[in-house]
C-alpha cells in the first residue's frame, strides 16, 4: 500500500467508484429511455424481463456477448479493434475532473475545463477511425460526417464553456461550482444563453437527434457502427449513452451549480445526481420528439448561428465581469 | 421518355460521366436492395462526389414474382387474392381494379350497394395508406430510433382502427379477398357504421398531432422544402399520376375526371399544390387524408340497401369464361392511376385471361428518381424516395 | 428561432402522449377481440347427423390459388346414419405453410365442411408442425371457436336476388344517372314491401349472432329513414 502514491490511490478508489456508478447509470439509463420512449409513443417499453423490464439491460448485454465476432476481411485490424474501447475510455476519462460532491472529485485539476474540452475533442477520433477501418462505404460516410460535425460543434461548446470560467475566474471545475454555490447558479442569470448553446453543442457532440447524422439509420444503415457486431457494437452503444450522461454531468457542474442545493437544502452528491438525470431526461425527450437535420443544415446552424452568438456571449460576459463591481453589483 | 423530349425539357439524367470533372473522384454507393429505408427491395446506384449525388441509376425487379404470368394459369375467380399482394399497402384498391377489369370483360353489372361499399372501402384504404406513408416518411427523416419513430407509432395506432373495421367486415386485417366479380363477398354487419364514425372522428382529431410532428415542424420543413422539385411537364412525360402529379400543380384526379362506381354521386375535392417539392407532396397527401375521412363518412351514411353481388357467387373455379374481348379499367389508388388491361380467351377453356397487364403507378413514380436525385445529398435521396411513396410489390409485381 | 419553438411544440406533443393510456395489448396474456368473421386457421366439421361433412368432392382443392389442399377421395359408400350413398374423403391435408387465407375453399364447399376459426393456429418449431392433417382439422372443430363464415352463409350474403325490387331496379342504374330520379321512380311501388324486407335482411345476415339481432333491427329501422 505504501508503495502506491496517495494521488494514484485516491484516483483508483474514487475513479473506480465513480466509473462504476456511471456505468450502472448508463445501463439503467438505457432502460429508462426505452420506457420513456415507449410512453411517448403510446406503448409500454420493455416489460417481460424482470419487473417492468428492469433486467432488460442485463438481457441486452447477454445477447450482445453471445454474438459472433466478425471482423471484415479488408478492415484495418488495429484501428477496427481499438476504436470501440477508445470511445468508452475517452468518455469515462472526462468524468475525472467533475466534482460529484463538495470537493470530491477523482482529480481536482486546476485546468479542469480544459481537460473536459480536450477530451471532447479527442472523442471524435475513435468514431472517425471506426468509420475508416470498417472498409465499408456507409461507415466511411458516417465517420466523415461525424468528424465534420464533431469539430464544428466543438467551437460553440468551448466558447460557451468559457462563460462559467470567466464568471468564476478559474478553470477548476470545483471552483466554478463553489462560485455558483456562493453566488447564484449561472443558468439563472447571465449564463442562460450560454447554457442553451452548450446544451445544443453537447447534443451534437454526442450524436444525438436532431444531430445524429453520423449514425443516421435510415440513410447509412448504422453509420459508423455498421460493421460492428456483438460486444464491440455494445461498447459503441454504451459509449453513446455514457457520453450523454457525461455531457449532462458537465453541464450541471458548469451551469446548474453541481452539488449545490436549492432552497438552502444540504449540498451533496444527491443534487449532482438529480441534475444530471434531469438533463438526461431532457435529452431523451428531445431525441424521441424531433426529426434530424441534414448535414449541411447542421453545419449552417453551427457556423452562422451558434459560433457568432457564443463569441458575442464571451465578450458580453467578460464586459459584465469587468464592469459589475463598478456598477455596484452584488 | 425519349432523347428528343429530354432535350426539349432540358433534363438529362443519363449524364455522361466523362463530362464530369476528372480531377474529382466519384464514389459509387449502392443504396439497397437491403436498406432500412428503400421502401421495399429497391436499389439505387449512386455516383457520389463527396456527399453530392452526380448520377443515380435505379434498378427495379427485386420483388418480381411473376404475378401477370401466374394469373394466366389461374382463373378469373382465383385472381383476387393474388393481386391483393401487389400494392400491399392498400389492398382494397387492387382488388377493386382487377374485379372492375373482369366485370368490364365479362359484362357483369355491379349492384348499387356494392358500388358504394367498394368506394367506401377504397377511401378507407386511402386513409390507411396515407397514414402508413406518413409513418414511414417520419422514419426516413428521424431514424428508427428517434423522433421519426414517434410519428410512425402514432400513425400506426390510428391505422389499426381502420384495419379493425375491415376485420369486422371481411374477417381479415389485411389481404381481404372481399371483392368478387359482380360485387363484394362480405356484407356490412350491424353497428359497423357507428364504429366507422367513431374511428374516423378519432383519426380526424389526431391529424393535428401528426402535423405538429411533421409539416408544422421547422426541421421537417427544412428537410423537405425545395428538395426534389418535380416540374409538371416532366411528371406528365413520365406518366406520373396521383398525389405526386397534383403536388406539381396539375389538377387531375380520376375520381373526379373519370368517375367510376360511386364517385359520380359524391363530390371529390381535389387537393393540389404548386411547388412540386417534397413538402408539397406531404401537404397534398395529408390533405387527401382529411378529404378521404370526409368522403368515407358521407359514403357510410349514404349506403343504399340491396344485393352486394351482381354476378353468380363463386362456386366453381371455371364458372366465368371469356372467349375473347379486351378491357382496360383505370382507377385512382393512393399512389396514382392503377390500370388493368385484360384480354380474354386464355387457357382453361377461356376461364383464365389470355394476358393480364397491370399498369402500376409506383413504377412511373420511380422513373422520376434519376431526375430528382441529381444534385442532392444522400439525406435528400432518402427523403425524395419517401415522398414518392413507391410500393415495390406494385412496381415489380 | 423557429427551430426552438417548433422543437418545443413537438416535445409538448410527445409529453402529452405520455399521459395517455398505452394502446398495447399484451399478447398472450390479453387477447384482442377479432370479431366473429376472423379467418385464422381451419377446421373440418361434422354434419347434422354427426357424420363427417366432407364428401370428397375436391372443390376446395381445385379452387385453392396456392394449391395447398390435397384431398384423397374415398369410395362412395352408404352413410351409417341415413343409409344413402355418399362420398367420403379418405385423407385431407392442408399445408398452412403456404395458405394465403383467402377463404375461397370455404366459399365453394357444397356441404359447409371446411370452415375457418377465430383462434390462431398453434405455432410450431418445424414446417411439419404447420401442416394440418385430417386429425388436427377435426380436432380443431371442438378445440377452437369456429368463425361465422360458412359456404351457405357466404352464398346467402352474396345472393344477387337479395333485396327489394327497388334495389334491383337501382342495380340496373347506369353510372352517371341522378340518384334522386331513380329513387323517386322506384319509391312508390316499393313502399309497401320496404319495411318487411328491411327487417328480414338483418335477421338473415346475422343468423349466427342472435344477441345482435335486436340491435340490428333497431339499427335497420333507424338506418332506413337516414338512407333515403
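Letters are used for the chains, namely A, B and C, taken in the order the chains are written, and counting of residues starts over at 1 for each.
One rule holds for everything that comes next: contacts are C-beta pairs under 8 Å (C-beta built on N, C-alpha and C of every residue); 3 or more make two chains touch, one makes a residue touch a chain.
If you're wondering where the values come from, they're calculated on a predicted model, not measured in any experiment.
**Student:** Building nodes from the protein chains and edges from chain pairs that touch, which of line, ring, star, complete or other describes the result?
**Tutor:** Graph shape, chains as nodes and touching pairs as edges: complete.
**Student:** Looking only at C-beta pairs in contact, point me to the busier pair out of A-C and B-C.
**Tutor:** B-C
**Student:** Would you mind pulling out the distance in Å between where the CA atoms of chain A average out and where those of chain B do?
**Tutor:** 44
**Student:** Taking each chain's centre as its mean C-alpha position, how far apart are chain A and chain C in Å?
**Tutor:** Chain A and chain C have C-alpha centres separated by 57 Å.
**Student:** What whole-Å value do you get for the distance between chain B and chain C if each is reduced to the mean of its CA atoms?
**Tutor:** 27
**Student:** Provide the list of chain A residues touching at least two other chains, using ranges where the numbers run on.
**Tutor:** Residue numbers touching two or more other chains: 40-43, 210, 288-290.
**Student:** At least two other chains touched by the same residue of chain C: list those residues.
**Tutor:** Residues 3, 7, 10, 13-14, 17, 23 of chain C each touch two or more of the other chains.
**Student:** Mind pulling the residue numbers of chain B that touch at least two other chains?
**Tutor:** Where chain B meets two or more other chains at a single residue, that happens at 147, 150, 154, 157, 213, 217, 219.
**Student:** Write out the stretch or stretches of chain C touching chain B in their complex.
**Tutor:** So the residues of chain C in touch with chain B come to 2-3, 5-7, 9-10, 13-14, 17, 23, 34-35, 37-39, 59, 62-63, 65, 100-104, 107-108, 110, 116, 147-149, 154-155, 157-164, 167-168, 170-173, 175-176, 179, 198, 201-202, 205-206, 209, 212, 215-216, 219-220, 223, 226-227.
**Student:** For chain B, which residues count as touching chain C in their complex?
**Tutor:** Contacts found on chain B: 74, 77-78, 80-82, 109-113, 115, 147, 150, 154, 157, 160, 164, 167-172, 175, 177, 180, 182-187, 189-191, 193, 209, 212-213, 216-219, 259-261, 264-265, 301-317.
**Student:** Along chain A, where are the residues that touch chain B in the complex?
**Tutor:** 37, 40-43, 137-138, 141, 145, 209-210, 212-213, 216-221, 287-297
**Student:** Write out the stretch or stretches of chain B touching chain A in their complex.
**Tutor:** On the chain B side, the touching residues are 27, 29, 35-37, 51, 138-151, 153-154, 157, 213, 217, 219-220, 222-223, 377-382.
**Student:** Tell me, which parts of chain A touch chain C in their complex?
**Tutor:** 36, 38-44, 47, 210, 285-286, 288-290, 301, 305
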